Each structure stands twice: as C-alpha cells, then as structure tokens.
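The structures come next, written out as structure tokens.
The two complexes that follow have chain A in common; it is paired with chain B in the first and with chain C in the second.
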Partner chain A sequence: MSFDYQGLAQQFVNHYYSQFSADRGSLAPLYRDHSMLTFERDQVQGTQAIVEKLTSLGFQKVQHEIATLDAQPGTPGNRDVIVMVTGKLLIDDEPTPKGYSQVFHLIPEGDSYYVYNDIFRLVF
Partner chain B sequence: MSYRGRGRSGQNNGGQGGMQVDGSNNSPSLVALDFQNWQGGTQSDLISFIKRKSRITLQNPRVNGPVLTAFVPERDVSIVTKLNGIRFAGQALQISAQSSASTTNATIQTVDVLTGFLNSRYNASAQLLNLSNMGQDPVLLERGMLANPTTATKMFMALMKMAKDNLPGVRSVSLETNQLTDISSVQSLSTSFPNLENLSLANNMLPNFQALLPWRNRFPKLRELVIQGNPLLNDPNSQREIVSMFPRLVMLDGVTVRNEADLPRDALPMPVLPTFFETPEIQNLSQSFLAEFLRCWDTDRSQLLGLYDDASMFSMCYNTNTPKLPSHQPTNRRGPNPNTPYTSTSRNLAFSNTPATRNQRLAIGRNAILTVFQKLPATKHDLSQAHKFAIDGIALNGVRSPQDSAISVSIHGEMLDVTSNLTRSFDRTLVILPSPVGGSFVIASDMLTIRSAAGSDAFTSPRAGQSANVTPHVTPATTPTPAPTGATPDPSTAETLVHQLMAQTGLTLKYAQECLQQANFDLGLALNLFQQSRSQLPPDAFAQ
Partner chain C sequence: MSFDYQGLAQQFVNHYYSQFSADRGSLAPLYRDHSMLTFERDQVQGTQAIVEKLTSLGFQKVQHEIATLDAQPGTPGNRDVIVMVTGKLLIDDEPTPKGYSQVFHLIPEGDSYYVYNDIFRLVF
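Showing the complex of A and B:
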C-alpha cells in the first residue's frame, strides 16, 4: 500500500470522536453536500442536514470508546478509505454503555479527507 | 396492488363500468335500479329519502342523463321498487330494476369476464399465461375493456391481481402482439409475478430499451426474455442494456447471454426489518444478495469465490470488549474466549499489531480471501429470524471507475458459531459492484466484525424500546410515533395510509405502497424516506 491508510483511519476516528464529544457542530468541515449520513434508519444528505441531525441527537455528553477499528483502501490507486469501527457509546450519565457499529467512507480532497458515507447503527 | 377493503365510493366514478375487484363474491349480488323524475332534489336527498322510506341504502349511485342508477342487494329490490310512483321533490318518482341481463352487479360481471378470460388463456401444464393479442379478444373487445389506455391499464391491473390470487403457478407470460409502445399498461405484471421465469414481449412496438426500465431489477428470477419484433432492436446497445436490467437473464431472443452456472443460486426469501434502503432496487438486490451470500457462508464458502476478484479485499476484527447488558441473560453471553480462531485473523487497528501483521491480515484477491474464510469457524445464520438482522443499503458511485454504480450494504445480526456452539453477533459491510462482465456481482470490499452475542433489541425496538433508556438517535421533530416493527395494518388502514402518502407526495400507488412498506406503515417515516430518496426516484414514480 503506497499510502498510510491505516494511520489515516486512526487519526480520522480519533479526531472525529473527540470533536463529536466536544462539539458536534464542529464536524461540519468533515462533510460535503453530497455526503450521506445513515443514522439508524434515518438518512440525511448534505453538510447542513447531517450536522443538524448530529446536533439534534438527544443527549448532552457523549463519548465513543473504540473496541475495534479496521480499514481498507477503497479504490485501487484512488486513495479513498473504508473505515469500520465497533465500540461502546457512553451517553450522559447512563451507567450502561451501548454497543455501536459505524462505517465511514473517506474520500481524499487535496491534502485531507472528507466523509462521503457515514453509516451508524446501535448494536447494543 | 391492493384493491381490497374499498367499495367503490361512487362520487367520482364516471360510469366507466365496474373495474372493482374486491371480494365481491362473498357479498350478496347487487341489482341495478334506475330512478327517474328525481331531479327536484339532489342525489343525496334521494338517497336519504329512499332510506327513510325503505331503510335501504342505495349503493354506488351515478347519474347518466335523466337517470340515476344505484345498486341494492337482490333481496331488497322488491322493497324499493314498491316505492315506484311515490312523490319525491314534487314529482312522481319512477323506479325500475334493470332488465335481468344487466341486473347483476357490473362488478361481478367484470370479475366473471376476467376470470373466464384468464382461465381460457392459462395453460396449467405449461404454467404459461398467454396474454398475447388481447386487442383481438372478442370478450374484452365487447366489454370495451381496451377502449382507451386508461381502461386497458385498469383492466390489466385487475387481471394481474386476479391472476396472482388464482394462478399462483404462473412461470411464463406472453404479452406478444399487443401493440405496446411502452409497458405502462402492463407494468403491474412485475407486482403480481415478481418470480416470473419466462416472458415474451415479441411483436410489440417498444421503441427503445428505456421502455423496459420500469421493470429494471423487478424480475429477479427472469431467465428468458423474448423481445424480437420490436423497434428497440434497431439500437445495437439494446440487448446489452436489457441484459443488465434482469440479473438472472440467461436467454434473450433465444441467444445465450449469460452462463447460468456463474449465476448465484436462488436467493432465499429474507424479510429484514427494520432496515433502510435508498431505493427499492437496492432493497431487492441487498436482500436477495445477502440471503444467498450468508447461505453459502454457512454451507460452502468456496461457492462465494466467484464473487471476489483479484482486487477484492477482506479483513475481519474480533471485538473482545462489548458492553455487558444487565437486561441480558448470562447464558451464551460469556466473554469471547481469547483463544478462538478469530484472534489469529483479527486485524484490529485500534490495537497495536505490528505493521507487518496488519498488512498480512488484509486478504487481497480471491485465493487469499478463501484461505481466511476457511480458517473462520463454521456458522449458521437463521435468516428466518428476520428481527435479528438489520441491514442498511446505500448507493455508492465510482468505486472502481467513475461509471460504477455500486451499493454498500451493512448487515448487523446474530449467528451461531457451530464450532463452539456459541451465539455471536456480527457486523459486516460489503461493497458490491455489478460485475464488469455482466451477470453477477463483485465484492470489492468486505469487512467483518465478530462480537459476543448482543441480542437484537437494538433492531427490534429501534425507537420505542429505548424510550426508558437513552435515546441517542431520537429527534422528536422527525420521528413519528413508532409503528410496531413489521406490523402490517389491516387492509383498509393500509389503503388509507397509501392514499394519504400519495396525496402528500404525488407518488404513484405502487411507489407509495413500497415506500410505506419500507417504513413499516409509519406515515411519518414514509414521508421522511420519500424526502430522502426523492431525487433518486424515476419519473414514473410520480403520478402524471
């Protein structure tokens, strides 16, 4: 593999989840207008709609604890990356974390990447 | 197509003859009564008047010139006709039963005519429904059932509805020589017989392959198609395009277009709820694909090799750190045993595997992939337990080349690890491309995560079940009252919902029904689905 998609995947999820905990509104630069978020059964497209969806989720404090992280280079030579995460979601003062599974499809743009698809499921 | 549970309401029925195909066989036969000299009052005055005088409600009234025709059950005819001559709104009302030849309810006549027609056209031993040259059928002609495109379409929809109920064995349909310039009038064929294997459209007037697009991926089992004698064959691209519309098409006009042995085996029926699919096509494809995929995964993984090529990738992760839920019984929820076969293949980038290990555990190409597949323990996925699975399927373009139209399918669910006899949960994401050589599919990316069993509560009660708990995904503004998962309301409620959705979206009946089905008949959710997928809907999804 000619580029470090593994390192990219790690950097990306660390950044994404720390921003998610700090301020979901700050995730906007990671999406584009053709990006798609599939959150449980809801699907929204576009930066604005996605950020609205994420910021409207009914909790205040949230923390992702990554259990597994895997990544594959998507298209040969295209430098896009598919990232799959499973882990625990710690929400507000809930004593019991929830299991979740999330897939990101990251597309290169200049020197950085944006999220083309983001598919989230609670799996308990 | 649901025609049930809705008597003709009459108000806007312009007297086109009854195309009503509900369960009228169980109701008493209706007799048509003609009323004259009633115009001193209104139609509803007349109906209330008759009801007051006879306690009988006139059904399906319609006005034709000076005559108002309405129906009553046969046993009530004499009671109403006794009122003949009674004063109504200043005149002597004339009431007469129509002559015996036409006294039977037109609806029942229509049903009888269509039933007779169907039976005369069905060859049970060949399982062939021959609907060729309907325009020359004396019975249909006489009844004016093909008088104009609208009546012809209605007739065909009714015919298909009846055929579905009465001729479940149909495997082949001929629509030859019907002067079809498009398939709009016969499109309901795919609703009634989605599992059709042979279809002839020979000797019609279909102008181009686009005319067949409404049936794209609608016949997942169609094996043979005949289109000779249509102008569309003038376009050299037509055949290729048509082959791509029917995933299992093997013969086109008698020519082999795919190698049958290369096709994936028949898909198992697998209702999956609750799930989201961008379009019905993706839903069809995802569900049938996954059903077949998991069946092979359970029985013989080498059968899956044809789905991978030299650029395909597979990797798996073993999640040893899943939340323990107090609500779950401890049986079978032991933490994963660190010495399972999973650990030697797990490629968890969140742990500090060496770069060499990480690269080595990404299987690239079908041989490497099969080697890993064979290492993983034998499994059993019980797809009949639909509630234990959740699937998301979304369109993904330009995966390997800009023209690709791929889908990304994520499935979450449970399986039995046969080796250890433990139930485990898994997540799997597949990027599926139509094969460049046609016919089959290629899995470009395959990522699997195995976890200890987590149950299926997250899927079975995606909204309601969490109300007492956390609700991370609920936004009151956009989430309507949850419908019980998988519940189908009674036909009349369903129909009301379908009509509400049609009114609010402009969708056709068929699309509105599909949308509601995907939304578990939750109108709010259906509207959300509609908004989300609106831009991808074909023009024929909308009425007019």
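Showing the complex of A and C:
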C-alpha cells in the first residue's frame, strides 16, 4: 500500500461526479472499449454503449453527495485502484435523495486513469 | 465477458456469509498475506490482521441479507472477479437491520479463489 491511492480515488471521483452533473456525454474519455458498466439491472460494455446508457437516464439535474469513499490498490504490484463510494443522489426537484453505492476499478494509462469496472446500485 | 463470473460471485458470497455467521475465524483460508480489508474506518492487511479484526467485532449473532449482488470480470483477459453486494445486516437481537455495502475482489488460485480486496461500509 505505497502510492496515494486514496487521494487519487478522491480526485477521480470528484472529477467524475462533477462531469456527470455538468454533461454526462463528457464522461466518454474516462472509459475504453473493454470497460463495463452495471447500472442497476443493466450491463453494457464499451465507451459508446456506456455513454448511451448514462445519457439516456431520465433526469435532467443530478448531484452526487458522497458519504463514504474507500480505496485500495487493486492488484499486487500494480497501480490500479478499486474504489467504493456510498452516498445520496439528488435528482431534479425530488425532495428525498436516493441512497446509492458505486464501485470503480481505475486502471492506469500513461499519466492518467480510465474506468475498467463501474457498478452502480440504488440502495433502499 | 465469457466465464460465469456472476455465478461464481454468488457462490463465493453465499459461502463467505454463511461462514461469517457460523465462525468468523474460519474465514482465514479465504485471505492471503497481501489481502486488504477496509472495515468502516479501519484498514488492515494480511490474513492474521484481517481475521483478528473480523473476530473482534462486538456482536455474537450476525446474518447478511443480500439485496443486490453484481459482478464483473476484474482484469482484461484474467479470471479475477469484482463483486459489489448491498444488503442488510441483522445483528444479535437488534430489531432494526443495518444497511451495508461491500466489495470483494476475488483472485483465482488453482481451482479456487481468494479475497484480495474487501471493503465494507454500513450505509445510513
């Protein structure tokens, strides 16, 4: 557990959720063609399918409120990072935020990281 | 996405939670010395530290009620599996179950799998 995977995870998730709120289409560069997204019951693979899924979600305004964010190095000797986030989703003008959990598996590429695994579930 | 990672994840988690209820000390063979556990705010590494942490938790009877279980292959071309579970924890005689989220990263070893990453959080 040597490099600052917690700081990296925090930075990545802040960036991801900020882009998610501003323009979900702008998340495309964070995925690759072998990336996977499980969003509730749906599983899709590849940048295009993932971005189509994310942009087709039926809300306009959305904000993530992070409650916990935990990270661990994902592979012995590598610099990939597994992140679990729990929090609340504030959607449009709904008065009650929805609980959610999300996992990201971040893979290093050059000076940056992309999302290989993304699993999202609302929590009731 | 070729092998039955969802079935494997389901089978593993059922086994893990059943052992967790019966005897937390018996989980030791599922970890290795480079395995990591984040349990709420605490992070420990290695089979011995992990099992000490799990067996020191201050409850006698505990049961996991799984609400969702999602799995994805964790590395391109490999057979490791990332699992996210959400559910409720029933503790001793507490009347209200507690929500939780947990991530396991399962690494193949011979015919079996061990836990490399384990992140657990209660959800409020």
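Just a few scattered comments:
Simple rule for what comes next: the second predicted complex is superposed on the first by the 124 of 124 C-alpha atoms of A that agree within 3 Å, B and C clash if a C-alpha of one lies under 4 Å from a C-alpha of the other, contacts with A are read in each partner's own complex, and residues count from 1 in each chain.
The working rule: a contact is a pair of C-beta atoms (placed from the backbone, for glycine too) under 8 Å apart; a residue touches a chain by one contact, two chains touch by 3 or more.
Small disclaimer: the values here were computed from a predicted structure and weren't measured.
Of the two partner chains placed around the shared chain by superposition, neither chain B nor chain C is touched by A:Q63.
Comparing chain B with chain C, the partner in contact with more residues of chain A is B. Shared-chain residue A:P97: touches chain B; no touch with chain C. Contacts of A:Q19 after superposition on the shared chain: neither chain B nor chain C is touched.
Using the contact criterion defined above for the overlaid structures, shared-chain residue A:D42 touches chain B, although it does not reach chain C. Of the residues of chain A, those at positions 1, 36, 38, 43, 45, 67-68, 70, 72-76, 82, 84, 86, 99, 101, 103, 105, 117, 119, 121, 123-124 touch chain B in one of the two structures and chain C in the other. The touching residues of chain C, counted against chain A in their complex, run 1, 34, 36, 38, 43, 45, 67-68, 70, 72-76, 82, 84, 86, 99, 101, 103, 105, 116-117, 119, 121, 123-124. Residue ranges on chain A touching chain B, taken from their complex, read 1, 6, 9-10, 36, 38-45, 53, 56-59, 62, 65-76, 82, 84, 86-89, 91-92, 94, 96-99, 101, 103, 105, 117, 119-124.
For chain B in complex with chain A, the residues that touch the partner chain are 274-276, 278, 311, 313, 315-323, 325-326, 346-350, 355, 358-359, 362, 390, 392, 394, 396, 398-400, 408, 410, 412, 425, 427, 429, 431, 444-445, 447, 449, 451, 454-455, 457-458, 462, 469-479, 525, 528, 532-533.
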